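Across the two complexes that follow, chain A remains constant while its partner is chain B and subsequently chain C.
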Partner chain A sequence: MMQIKHNQLVKLGFIKLAIIALFAPFMIAACSDSSSSNQINNKIDYTKNYPPSNGGTLIDAMTGEPSSLIAMIAGESAASAIAGNIFNSLLKYDKNLELTGELVESWDVSSDQKTITFHLKTNLKWADNQPLTSDDVLFTWQKVTDEKTRTPYGSDFKLVTKAETPDANTFRVTYAAPYAPALDTWAGLHILPKHLLKDQDINTTAFARNPVGSHYYKLEKWKNGQFLKLTRNENATQGQAKIDNLLSRIIPDKAAQFLELSADNIDSMGLNPIQYARIFPARPDLNKNIALYKELGNSYTYLGFNLKRKPFDDIRVRQAINYAINKQEIIDGVLLGLGEPVASPYKPGTRWSNPDLKPYPYDPNKARALLKAAGYEDHDGDGILDKDGKPFTFEILTNQNKEREMTGVLIQRRLNEIGIKANIRVLEWASFLGRFIKPKEFDVVVLGWSLSLDPDQYSIWHSSQQAPGQFNFISYSNPRVDKLLEAGRLELNPDKRMKIYHEFSKILLEDSPIVFLSAGYGLTAIHKRVRGISNPAPPAGIGHNTYEWYIPSAYARNEMSEH
Partner chain B sequence: MLKYLVKRIFWMVPLLIGISLISFFIMHLAPGDITTSEASFNPKASEESRQKLRELYSLDKPVIVQYSLWVKRMATLDFGTSFASHQRPVFWQTKDKDGNVTLGMIQEALPITLLINVLSLILIISVALPLGVVSALNQNQLTDRSITLFVFIGFAIPGFWLALMLMYWTGVQHTWLPISGLQSIGHENMSWIAQTTDTLKHLVLPVFISGITGLAGISLFVRNGMLEVLHQDYITTARSKGLSENRVIYGHALRNALLPLITIFGLSIPGLIGGSVIAESIFAIPGMGKLFYDAVLMRDFPVIMGILTIGAVLTLIGNLLADVAYAWADPRVRRGVVQ
Partner chain C sequence: MRKLLSNPLVLIGFIIIASVLLLAVIAPLVAPYDPDAIDVKAILLSPSSIHLMGTDGLGRDVFSRMLYGARISLMVGFVAVGIATAIGIVLGAIAGFYRGWVDTLIMRIVDVMLSIPTFFLILAVIAFLTPSIWNIMIVIGLTSWMGVTRLVRAEFLSLRNREFVLAAQALGAKDVRLIFTHLLPNSLTPIIVSSILGIASAVLVESGLSFLGLGVQAPQASWGNILTDGKEYIQFAWWLSLFPGLAILITVLGYNLLGDGLREAYNPRSSQH
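Moving on, here comes the complex of A and B:
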């Protein structure tokens, strides 16, 4: 009865884009001779300069709807994006991705590094005018660690052995052992109002859809499946934002979003590489009104070996494959050049990323030599390397993700050139995870990890994290790395920590348990009526100062005639 | 007749249980659950907390136990709450102790889908009927051929492509129609006339798209039904009696040709609540298709089961209605039933 067309739907996006691209010239022609009312909009000159002013509405589009605005329970990115405008955390990342205070003025770490004392700013208020105190922070901690709370993010906070509030502006947490990622976890926890939630079941409360926060905006209206409208919070703890309203429309389809952007019905949307690199350059009429921004994204794609399987336990084989893969080709082919190679799991340009590390260059001869040293040669002359009579062939596994599939194809071709036969298998996420990753029934995977802001990656690389369902599913085990990861968790001094993780990245690159492939850019289109956006984007991305963005009143939309 | 009805309704119960049992097990055959979505593959979420979630949702219990829990809830007509959408009620709204009303997911999605499907059904009938009759009357002539060609093009054209082209033409090049969504942003501040016009404007393209793809089936059905009837003896009799051609065609032929359509409409009742995923995604319409699709992707079991159950009930009711209507419309069937 329902028309479920799973595969088709996944593929549709690309087909649609291809079709739009195909028709782009026709559309331009059609545009230039149509006397549509959009021409009126086109006549506005968006190049004039205006000083910052208050007011206006910024309309953007998102593909998914938040399930709730309590981020610790919702978990999905749509929820964090909206809730991030409503709630504050104790700490935040500044534009260079360094930790700084948000609700706190300052914080101290005790000399044994086990106790962190947060000093809250004074006179903090919730949007409903109630005071925001350390009691609220304590309450939030109690909720996130509560067994009954349906959050997957509790474990970091359960390490706190004692949480106390010596006074209304001080919040102190004590850990059993120093825990360096603690500060990052406090930067990710939205503080919730105790006075509204204390008698509520946080799993079912209506507060989740009608929240009261302390950040720049408060929720004015949420129309299920259609839009969320935020309006300026007069009591905001971080000062006043310039734009009055943020309106997020839910438009699941990227092509439809793009049409809405072209018709000037939305101001901002995330683009994919085809829209950014192919469609926009071909549409001068769009470029007149819309500015494009790119920033380094938050994740990287990698090829990971199952280190429990032969021959991937041999470092020479892993390095050979690393040399055999042309990373620039993947960036150019899959991301249309809109990405960067990475050599460590950290964002290039931040302190955790080791600037001395360079990705393995594309060098097929070196790859062949390494494979020969590992005993692989083409003895029977069939074009495929073999050892002990067995040809070198394996399966590249990935989930239904067009970019990963294309990456797999490019890798397959390069491996074929040095005599390795690779087959590609693409699976739906749940079976990919349940049947192959959890029981470790795979040779090689193409997947992504996030470029984490906190350098701690214990759960991904430590040898103790290999049980089914844990994240070291490639079974990486290196005693030196284990030691560094343990040391990194105990060291709260950023400079000492940096040295530890630079060393860790170096070993990781050498060991080559995964091949770092690429980190794509986040691509955003924003209408030129929106001003105050930093370009080029700092490491934290263009979104770091949204409260400073403004819409000059000469450019503001007529609120009633909006679609 | 009454006995027949009671018997039919009585038989729906075991049928429903069977359907729900099969759906429940098939749903659990697919790998994964709410804790294994791609978004939850996050090093910050530990395996222990995911296990805890599984226990909270009873997902760690054997499937048969989960099914009995579900049946127990369904016995009181409780469709449960969604896993993925912050415990929103699946079917109908609930009120908490502070008087906050949370709307049900199906409650919100169903009217939207129903409206679009009913409108497009009306569109289909009002266009397909005359097309089918005209085709039959001009059998194998140019008119017939071009009508058949036209409806087949509508049937074969990829809906998403046509949708995007029309959205571009009517929404970007000209601002005749809104591009996506159900309402304009300032909808609340409009007068009710403006609100209705606004909603209707948003519905034009979705209804048109789902209408044009459904045109072929009905119009060909009418055409072939008409052709069959026109060759019956009683039509010849009617003509030889000297009845006017209009009387013959609309009074005698069409009425008989339409009989099989009743079955089709009966069967399309469950289809009325099923939205098209692709159309709803493109037009950003929060309807049943999108709801079901997202629930399947997230393995949101209560929502999947809720929609399947309502679909099953409606299918059975649709069948029943079709049979009853058939009996009402056709004396031959009626007599066969009564005796």
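Moving on, here comes the complex of A and C:
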């Protein structure tokens, strides 16, 4: 089909292409709309109800191609998205984000909280029919902690002082001290098959492109730069998924993905706020066939101060800037209203997010008063605040990301109103990290953090994590926060842990080492032929039950035309 | 001059350039809004009598931004070409006047510079410097002097042995006097023509750099970065791509018409009667 499609595309799109190319060379992909299949599909009524059934192919789009399907080696999101359908972990998060067993039936924590014993389910099998046992788990742990393995995820597992397999269904780990994030780390580690990898170098093995796992799907075909096709694993440890095949097409440009979605060549994609709020409402033809889903994402945007530089070591200056920034304006202007304000580094509405905390309100007068208290006034009457004869001016650094750049422009204007002159500098990601973040050569950054499900944020906020390349690059150091973060790692009781992190968030908000700006919604479009999607999404997001999604055979694509 | 403007293409080019320059100069008087004034309640409005060219993703008036952007785009063109021409004249004059090993050396440097794709050289240099309007002018200037150098050298080589030069030399004129009062004025025409064409390409390079995010930095407007901003909205906010695209196209066309017209008019083989 792709071959034929391509020819059509050249003919139909040529005139349009010529016009568009004049003004935006990057939009060349734009000509793939208005294919004939679109017209046919418009006649199908997608409102009928059908009971769940097996079969069909779900086609989605991803912007990047995985470098490997061994997630611990690849490290990028494209890899974990695909590998998550192929490999199991010992534990998983359920739809309410509570830990539950995946490969394990149950687990016990010893009374001194240092030893965890996992009891594997019986009769687990790899896709190639070999048994999956505790030996495989031990092997995976050995690999992830091996110095020769090039993985960024080793440090959590190196805290395990002893790992043993008393029998084929039992795996036991012992930590030197209680380690609260331990269970979360085991929920993130894909178990690899020892029988296929024991004589291989995990960094370079061909297994990375030809994996054998135990989850719902197995890799059928990987065409470089084009697609990865997964097909149902008959030996799956978690039961059978309803949809037969998952096809992930690699389409780097969001605008091109959108055109493929409009032409019914893909079933789902992540949307940006413009596509969601501006393009979709204007296209009733799309709304008829495609459903939109909105859920709070797992990341937030912030403005971070280099606390080693003056005057950002002064809490009054940081709070003043926090008061001077209008967060709602950023949500309205940049995210087109598709986001929420945040007041802590935890997803609003989850257990770890402190419901008592509110973001700093927009209050320029309070900002001016705080700056005056810190010694900043406009002595020379040039409209810019100054102290000791030096004007208050600094540089806002961010990477090439349209939303962050627009955020920077909005902040710049608000700061200008209270007499602070800020310049914006946008950099390409590699030089941004290498030349500015690692050597800490910046005043202020606009960046984002993705959140893990465990509340431990030791690596971001603890004062010991400031070396070049570590995550506390803003050089935040507060003995009370250090203590709380250390206590949080040792506390396994969820309620006590919650109190610790609520207290930590409160100090963080008051200290204002960063200005919390916004948390954007994750916006997804999925074709209405796909059924079984939970709406509204549970805390774990709409993707929590993809194995229950189904495509009624009346709505299935013509499978013959797939390749 | 009259003969020049009687050529309709030159006249069109002249009118285009003159009006763009005029608009750029009087931008603060004509612009209906502050080009940086953000209004999140008026995002992406289509062109109307209130906003002639609509508004962008932050609710800024595109018409005002286009006017101020014209200042940036044209200033980059003039300054960059000024730098390139100055370097080109000096090196070309030295090479063409003294000939010998100096000439060989300078021409080999020119060859080396010409062998590197200019745009990628500029990209690499800008990646190391802070992208700012001044750096861009300097970098474009420092990477586009080769054409002028060759041109000036060729003119000098051909003028060097003409009678009036030899006569001046025989009268005891020094090198500097020979170069500046006898040779240079006689080679001005091709220099002017190539400068005007050079401005056109400098405007294009600046737009390209800004389009890639390495040029003029936000919130300052230039045609290139208005165009980049528009790229994301092209499916429904056509005005964000159309107007800056047209502006670049028309301006570059204007400079090319004018430059070509001048070359035709002053071509010694067609105008020496």
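Rule of thumb we're sticking to: the second predicted complex is superposed on the first by the 524 of 563 C-alpha atoms of A that agree within 3 Å, B and C clash if a C-alpha of one lies under 4 Å from a C-alpha of the other, contacts with A are read in each partner's own complex, and residues count from 1 in each chain.
We take it that a residue touches a chain if its C-beta (ideal position, glycine included) is under 8 Å from a C-beta of that chain, and two chains touch if they have at least 3 such contacts.
Here the structure is a predicted model, which means the values were calculated and not measured.
Touch criterion met: A:Ala263 reaches chain B, while chain C stays clear of it. When the two complexes are overlaid on their common chain A, residue A:Glu147 makes contact with chain B while staying clear of chain C.
In the superposition on chain A, contact is made by A:Ala282 with chain C only, not with chain B. Of the two partner chains placed by the overlay, only chain C lies in contact with A:Gly333; chain B stays clear of it. By the touch criterion defined above, A:Leu410 lies against chain C but remains apart from chain B after alignment on the C-alpha atoms of chain A. Of the two partner chains placed around the shared chain by superposition, chain B and chain C are both touched by A:Ala255. Legend: residue contacts after superposition of the two complexes on their common chain; A:Ser431 is shown touching both chain B and chain C.
Touched residues of chain A were counted for both chain B and chain C, and B has more of them. Common to the chain B and chain C contact sets on chain A are residues 20, 23, 27, 30, 255, 431. Chain A contributes residues 20, 22-24, 26-27, 30, 255, 258, 272, 274, 278-279, 282, 329, 332-333, 336, 400, 402, 405-406, 408-410, 412-413, 423-426, 428, 431 to its touches with chain C in the complex.
Put simply, chain B touches chain A in their complex at residues 30-32, 35-50, 52-53, 56, 81, 84-87, 96, 98, 100, 102-103, 108-109, 160-161, 164-165, 167-168, 171-175, 178-186, 189, 270-271, 273-278, 280-286, 288-290, 292-293, 296, 299, 307, 311, 315.
Here chain C touches chain A in the complex through residues 36, 38, 40-41, 43-44, 57-59, 127, 130-131, 213, 217-219, 227, 229-236, 241-242, 245, 249, going by the rule given at the top. Interface residues of chain A, counted against chain B in their complex, comprise 1-5, 8-9, 12, 16, 19-20, 23, 27, 30-31, 34, 36-38, 59, 65, 67-68, 70, 73-77, 147, 150-156, 188, 203-206, 208-210, 223-227, 247, 249-253, 255-256, 259-260, 262-263, 265, 399, 429-431, 433-435, 449-450, 452, 457, 459-460, 467, 469-471, 559-563.
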